[in-house]
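Structures given as structure tokens follow.
What follows is chain A paired twice: with chain B in the first complex and chain C in the second.
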Partner chain A sequence: MSNSHSDTVPLHPSSQSDIDEIENLINASVQSGPATVLPARPPSPPRASIPVSSTPFIQSQIPPPPPQSSSSNQKVPTVAAAPPPPPPYVGNSSSIAATGFGPAPNTLTEPVWDTVKRDLSRIVSNLKLVVFPNPYREDPGKALRDWDLWGPFFFIVFLGLTLSWSASVKKSEVFAVAFALLAAGAVILTLNVLLLGGHIIFFQSLSLLGYCLFPLDIGALICMLKDNVIVKIVVVSVTLAWSSWAAYPFMSSAVNPRRKALALYPVFLMYVSVGFLIIAIN
Partner chain B sequence: MDLSQASALAFYILSTLFANSFVIIFVITVVLAALDFWVVKNVSGRILVGLRWWNEINEQGESIWRFECLDQESLARINQKDSMLFWWTLYLNAVAWGIFGIFSMVRLEVDYLLVVAVCFSLAIANIIGFTKCRKDARNKIQAFASRTIASRFSSTLQSAFSLV
Partner chain C sequence: MALFEADSFTRPAAGSPRGSDESQGGGWLHKFTVAAYKPYFDVDTSDVLDRLKESLYPFKGTFTEKTATNPDLYGPFWICTTLIFVAASIGTFVTYIAHKLRDKEWNYDINLITWSAGVFYGYVTMVPLVLFVILKYFSAPSGLVQLFCLYGYSLFIFIPAMCLSVVPLEIFRWVIAGVAGFMSATFVAPNLKAHITSAGESWFLIVAGVFLLQLAIAVVLKLYLFTVSV
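Let's look at the complex of A and B:
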């Protein structure tokens, strides 16, 4: 009757029905396919993403006998539809699959180098997404989807080293305190958000808080080079505001609007204490 | 693989020969341990046992663990010794860092406990990831085998009927 419109099978409750269809196809082939797993990544981001390094596995799957031809035919076009792995990778990785596990080191370095490059580019793109203004800030769940902990690791270590270099006495304690404070602080802040009933993933939040330390890293570097108190205060306040601005959208969208302040205040507090550490070191 | 884990442990043990400052020991040990984590996860996991794991966040904002393994033929070609070596060094690494942790707790050296805690957690993360990946691979192989048997059975039936 009046529900005749809804009798048709709803494809997907979103406007990007084509892309979601392809994604569903990939998901379906993931669930029904043989031993290899294809990462179900929608074909939008212009990154050299996971399919690149998984080509060794896909390549070795194409020779198998015809009974699987239906599933492999289904898989091969969807692989081509997903961000297509550039041809040179396919060539190199087939040599790895063909020669088994005793390849010469030089054929191995190429895919490893690709993995390194991919990880590095991921760090850079995450940094740009978090710290610099960009159109995705309104939708934080999408922005830091490719979380990784390498960026935060580098930034925390760098901040600790900078503080330690600036200190004239007790260098080791300063470093250990800075590292422990930042690491434990990130964990506790994440737990805070989770306990407030927020929807955030543990590692994503750790990664976010680590990337938001980047402005403070710059501030600490400048303070180390220029030892004037006024300059330090100005620089630290600017970078502190920048860090808080960077962390704000992600944290605030993760919790209930009435509890936004409860989630954001500890973050601000932690960055303020790091700022004081930077100013007070001499 | 094995070498990178050994280098992190060796540097930690011999650290007093190399540097006086705790900061340098901490940074170099943790950097070596992090590099080793990356190498084991991405390189030696792929070469020695044909497994790879990572984590993704999908559209709905849930985190999914993704596991990848070689298909049946390549898995059969994996050298048993390589696989043994991989798993044994993975466990031994974690056990060694655990022992160092106990030592530093006994000696009440909180600074060194921090280093050991970081390295130990990296080792545990790798162990958990690869174990999950291996279990997942086994499940997939079982499912695949049963499905292949079923499909071959049905195709033989079909060919039998078409002959008749």
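Let's look at the complex of A and C:
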């Protein structure tokens, strides 16, 4: 998953070697003292060292070239003042910046446990942002900046497995239907919002809909352990309401307010049908 | 956020001017982008609710006028999907009650979902397609999307009908199925008639065929979902 995470980092790992070459050339051409050459900065605040060389989108530790030092002093504040989107990502995952901005092999050669731990912590933090009350809920753009697809995958598979275990006959068909319903449902819901003229990012929306399944996962687990119909109905209703509440801010802010109900109704329909499946499987 | 959206799947939607420029060269590929279908989802909540209310009035025939310029695919698709869910859940519930009343073993039949999905999606896709071809043959063409729209909304009446069919009285269920089928058929027929009176003598055959088909689907639903053999 570190590959997909590098998608959020604008710097392609292989261009780091090009940057190093350019850096060496610049250093080799500098005859004057290092007074106008800024020292190499530590990785953590890369914003402060945005170079004014030809490629403004590269955030690395290249010191500004000395012949342009006078213009660079004017340029650097404006370049640093414009808030490019990448810094928040870098800020969120500074540990990844330390490894991602370095030579690429750092994330490839790190121990597997580190990768797994990083992905797990991201899943947990995304879960906390989406499903539990937190101050960022009203701004969906902030809520799931660091989206990933591992979390939704685990939740969908877990729900399918739980339903399959609960079923007494046709277990594999139940899993197949549940998995297909959830996966196709998430894709169709996202397409629905896009077609209605909404503004969302496809995979971010898939990620959010997957994370909102977490309450239904808990509900399915409880229903598997306790086979009473009344208990099942109560548990499923509560977790259904929780899931809908979690998905509501994101979906409703993605479309034109006149079409809000058109975008929200299918989400509700999908969760209700999954809830019904949980109650009915015995 | 702008950086994120640049490499996201919203690009096909945002890039519709590009898509239309390439439509001469990549014409058939354009059909696979989101932007190609956006015009068919250009409805507000109030529009959809209006159209749903229209579909409940038989014998009116004004639906096609209202949707001639702005047919939508949102209604048909989500009405079908809701129908599938309602059919599966009500059918399951009915068999559950019947088995419990007789103290018999009951197991969830997952095939209900797949079967009803096949029936509803198939009906709303195939029948308008066939009708489109037939109407073209009789040189009284109607837009394909308008036909999808008409058939999709005509299925709306079956949602309340199925909810009412929970009542375990056989004669009541037949009455409900009959009334719903009749209302649905009398919604489709006048709306279609407006289009095809120019088709010459055979318009009556077409309208009668459509009418009977709608009744047939109501009967099929009743038989498969609500006939419980314990």
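To be clear about the criterion, the second predicted complex is superposed on the first by the 169 of 282 C-alpha atoms of A that agree within 3 Å, B and C clash if a C-alpha of one lies under 4 Å from a C-alpha of the other, contacts with A are read in each partner's own complex, and residues count from 1 in each chain.
One rule holds in what follows: a contact is a pair of C-beta atoms (placed from the backbone, for glycine too) under 8 Å apart; a residue touches a chain by one contact, two chains touch by 3 or more.
Quantities reported herein were computed from a predicted structural model and do not represent experimental measurements.
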item	value
Which superposed partner A:127 touches (first chain B, second chain C, both, neither)	neither
First (chain B), second (chain C), both or neither touched by A:233	neither
Touched partner set for A:199, first chain B, second chain C, both or neither	both
Touched partner set for A:164, first chain B, second chain C, both or neither	first
Which superposed partner A:187 touches (first chain B, second chain C, both, neither)	neither
Chain B versus chain C as contact partner of A:153, first or second or both or neither	first
Touching partner for A:179 - first (chain B), second (chain C), both, neither	first
Partner chain in contact with A:115 - chain B first, chain C second, else both or neither	first
Which of chain B and chain C A:241 touches, first, second, both or neither	neither
Footprint overlap on chain A, where chain B in one structure and chain C in the other make contact	141, 199, 201, 203-204
Interface residues, chain A side, partner chain B - complex	34-37, 39-42, 50, 53-54, 56-57, 60-61, 64, 67-68, 97, 100-101, 108, 112, 115, 119, 141-142, 145-147, 150, 153, 157, 160-161, 164, 171-172, 175-176, 179-180, 199, 201, 203-204
List of chain A residues in touch with chain C within their complex	7-8, 10, 84-86, 141, 167-170, 173-174, 177, 181, 191-192, 194-197, 199-204, 256, 258-262, 265-266, 269, 272-273, 276, 280-282
Complex contact set, residues of chain B against chain A	21-23, 26-27, 30-31, 34, 38, 42-43, 46-48, 52, 54-59, 61-63, 66-75, 77-79, 82, 111, 114, 137, 140-141, 144, 148, 151-152, 155
Parts of chain C lying in touch with chain A, wherever the complex brings them together	1-5, 7-10, 13, 34, 37-38, 40-46, 48, 74, 78, 81-82, 85, 89, 92, 96, 106-108, 110-111, 113-114
